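Think of it as A, B, C and D in the order they're written, each chain with its own count starting at 1.
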Amino acid sequence: MAHGKFHGIYPMLYTFFDAVGGLDRAAMRRQVDACIAAGAHGIAILGIVGEFNKMDVIERLAVLNGVAEDIGGRVPLAVTVPEPSVAGQIAFVKAAEAAKAAWVILQPPPVKGAAESELVRFFGAVAETAQVPVAIQNNPVNLDVWLSNAGLKTLNRNHPNVWLLKGEGPVTAVQRTIEETEGAYDVFCGLAGKEMPMSLRAGCVGCVPAPDCIDLQVRLYEAMRAGTPAGEAEAERIHREILPLLHFMTHSPEHMLCYGKRFMAKRLGLGEVHPRQPAILPTAFGTMVADRLGAALPALADEI
Amino acid sequence: MAHGKFHGIYPMLYTFFDAVGGLDRAAMRRQVDACIAAGAHGIAILGIVGEFNKMDVIERLAVLNGVAEDIGGRVPLAVTVPEPSVAGQIAFVKAAEAAKAAWVILQPPPVKGAAESELVRFFGAVAETAQVPVAIQNNPVNLDVWLSNAGLKTLNRNHPNVWLLKGEGPVTAVQRTIEETEGAYDVFCGLAGKEMPMSLRAGCVGCVPAPDCIDLQVRLYEAMRAGTPAGEAEAERIHREILPLLHFMTHSPEHMLCYGKRFMAKRLGLGEVHPRQPAILPTAFGTMVADRLGAALPALADEI
Amino acid sequence: MAHGKFHGIYPMLYTFFDAVGGLDRAAMRRQVDACIAAGAHGIAILGIVGEFNKMDVIERLAVLNGVAEDIGGRVPLAVTVPEPSVAGQIAFVKAAEAAKAAWVILQPPPVKGAAESELVRFFGAVAETAQVPVAIQNNPVNLDVWLSNAGLKTLNRNHPNVWLLKGEGPVTAVQRTIEETEGAYDVFCGLAGKEMPMSLRAGCVGCVPAPDCIDLQVRLYEAMRAGTPAGEAEAERIHREILPLLHFMTHSPEHMLCYGKRFMAKRLGLGEVHPRQPAILPTAFGTMVADRLGAALPALADEI
Amino acid sequence: MAHGKFHGIYPMLYTFFDAVGGLDRAAMRRQVDACIAAGAHGIAILGIVGEFNKMDVIERLAVLNGVAEDIGGRVPLAVTVPEPSVAGQIAFVKAAEAAKAAWVILQPPPVKGAAESELVRFFGAVAETAQVPVAIQNNPVNLDVWLSNAGLKTLNRNHPNVWLLKGEGPVTAVQRTIEETEGAYDVFCGLAGKEMPMSLRAGCVGCVPAPDCIDLQVRLYEAMRAGTPAGEAEAERIHREILPLLHFMTHSPEHMLCYGKRFMAKRLGLGEVHPRQPAILPTAFGTMVADRLGAALPALADEI
């Protein structure tokens, strides 16, 4: 843990839309309040779970400003920056800073084939102008564009304000990244938290999962953090409790949006989910699976 | 050929940037003028060659409006619509119509895993509000999201204003699409025109290549269109002349932007190309190859 | 459940090699005995877990004949047929029949791009000569070559002895296959059994997991099969117990061979594992994870 | 050019099958004779063009021994070694040596995810026992498993008998490999020879194309080799002549087997081609394209 400033569970919010396709501000606020009430250490937005890939920059800014307002400084806000150009990322980082975001998560641009040095330069050019700490979204397993551990080291050496990492991938790969980057990065794991106890043992400082199980994942994290055998045992117990649900939800991003988003809506007491097209439609069987695997999870309160 | 309204060579313009990363309006105008002077039957914008994937919607609108103004009604404008939502595509189509575009080319949204019927519904919802004829960008070989020939037929049946197709892929696949959609679509081939004489024989009404060889590809098209043995022989002669260059340029989209864009800039008499990062950088060897393969191509005039 | 003849847990055996790279017959026998002692309803061989992709046909036949001899008719043997030609698959099916295999699992040949009808014809030509019931290995999510549900129906209609399916993929997809093929197939799920209780609810007749947790997965299956609420609760309890381990093991086929094979070797009381190159090498951290997640699992006895 | 021992055009033979699926020895012999009569500098076998992926090791050995016999020492034979294990590759190399092969081309095993050092070790273990010079099949663009230029250098340093490379990929990448491996390898280009004049300028010593245009590609190579401006011009003229055909044939491996193999059969005066299933079937349109693009190519004589 290089800096230790940020840690814990940052749920990656769903983006709820209303019946005519606009942002459902009330649902978003409900989600923010419930996550904070459940103990979320921070809030993250605009990941794939948040459907950034189905929104243009104007809608992304609306999500950013709306959620920032809803949080109102209660917890740190981490903002994914999915813009596809240096200038676009710089402008979006500025907007995030204006909205009092605590840190930003730069996404690799959707450009295959360039040398890694060019990608380091891309991120560096954005980091140069950032006032808040900078994370990189890195996913060597599922993304086409990513940095090697050597590339991550170079980036941090050239731009010391890049010291956070959203490290997707198997826990063995995440552990190796932590080891090979020699403490340069505070790493949040992803993968829905499906390996969270082990990821924390590997040295991760937190996790950015979908919000479906935010209450239990916060308790899991706090139990691990206690550092006692009893704490670890409790963490693993909780993990076993929710893993079948996490596993089912995460077959693919669209599968998660089909079943996870509706599951979260139920927990939040929201009405019908209006998917952004094109979308996978839920089947009766799939809905039964989600309901059954999540049966033990109560409604999420919006205050403590 | 179902409608026959649009045909011929529509060069897919490069997007030239200035030294600080903004749109280089003068270079764009030069490109438009040169293409029209070379006989282009229309102009296309915002394909992968145009780096839509490195621009946000605001920049895309700037390209649209700038190029529309530069064309000034001299030839039809075909506008790719790369927005990732129904509402975004509808708004962009409206902007294209306001700019007097002749037709629009809808890109599949970047959403994997949904049923084909959902994709048909997505395109249909956009087409419903369009005033201009609608094309679909379809590339079963290289894109993750595409329509089968049966899906294309359904889409045209439900929305008869969808009657154009940008049909990428091997000429054998394009020919099968034309056959299996039973004349529902006027098909422009792509693939840089690397199979153009055969694509036209397969029933394509035109082609949307990069602009590198616009002058020769226009002559090729007109020669084929003459419909005489001498015309076909001349078309094939031109094709053989430029194919080594076309083949070299198109190893990958970024390879094309590295070598093709610089090659076109030379033909246009433009200065240094400012790549949008991250980008493949040209090597001395690669530049030599491009220069040598294109040595016979003269500067492009900006008026006839 | 169309036929009901075969059901339950068929562990897909690891292929253990000796120090010089040959088949370790003693280790294989130990594995067979332990699986049968643990209650396995059958034994499966030559899946990706069994490293068929690192063996030629001669070695595959050695595995087949060795395991068949070791089983000695105690439980049914299901043999994957990974040969890449019709003639090769026919010959391998004959060898399986000669070894008294109960059923065979045809793998799609590694040939991309052919029409589905050609793949149906391929499998049909093999099935035509088979004396034992025939399963298809179908994995629309991870394999390049697969059959649609319509293709599966056609295959079964043309060749009624093809009535078993190894159905990989999310439980929602497996359920849809069962529904859309209208009972034509008895389906064994795969995916390491990571969704087993739900797969059985979806109508699967069994599962073909790696052998790592054979004892607990047999108990899980039997508990589900009891059909009582208590049974289902017990099945889900066992599932939660082992899912963190199953999830860790299955990040990729080579990850499973790196950690799962060594884990199984420990449970079997075998010595050092000799990997077939090239292989992922275990790290200290990864080994710790496997040990910790599997700490509660005892040594596997080789008799009841 | 490090060694200069082998050079020129090595056609990668098609594998012709008879009506019942066995090896058609007469057709193979006809093909060998025609290639040698056309001036082939060597013969290569068991590439993807040769359908190694649809044959088991026994059939591959039959191809090897049959072709070696047919060549009878007239030109050097290069043998692809597609076996998936160290022991399998060693045994196949020995068989190739016994058949008097001049060099072998090791294919990367189909194992994703291992560290590059493990792949270097794999190839090294095979090379250790080889008596003939060893080439690596390397294709960073289309294969899942490949060596970086640094890995290639290490391999050659550890095993100096590995000094040949079948370098697929864009000519710019091949040139960079030649540069970065500092002369350690004599490189044959692939990609059907679609960039042959430029590949030779980049420093390649030869090419391994499909045999379809063997006569013209030999003339192209010899013209380039003359090293005169007239020679280069003639080479480029021939290249332009055949590129439309080469481009059409190579849309995908199966596309090549569908159209290229039948085209070659016609040039050889063979009868019906019996495809190994599953296969793409030719359409009337595709056959017309192949015939028209290849109309100028005469029958291939089987003696000079």
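Criterion: contacts are C-beta pairs under 8 Å (C-beta built on N, C-alpha and C of every residue); 3 or more make two chains touch, one makes a residue touch a chain.
The model shown is predicted, which means the values in this text are computed figures rather than measured ones.
In summary, no chain was found to touch both chain C and chain D.
Copies chain A and chain B of the same chain sequence form an interface built mainly from equivalent positions, shared numbers / all numbers used being over half. Centre-to-centre spacing of chain A and chain D amounts to 48 Å, using the average Cα coordinate of each chain. Here the CA centre of chain B is 35 Å from the CA centre of chain D.
Across the assembly, chain C contributes 252, 255 as residues in contact with two or more other chains. Remark: the chains found to touch one another pair up as A-B, A-C, B-D, C-D.
Per the touch definition, chain C reaches chain A in the complex via residues 170-172, 175-176, 194-195, 198, 201-202, 236, 239-241, 243-244, 247-248, 251-252, 255, 283, 285-286, 289, 292-293. Residue ranges of chain C in contact with chain D, taken from their complex: 21, 53-59, 83-88, 109-115, 118-119, 121-122, 125, 252-255, 276-281.
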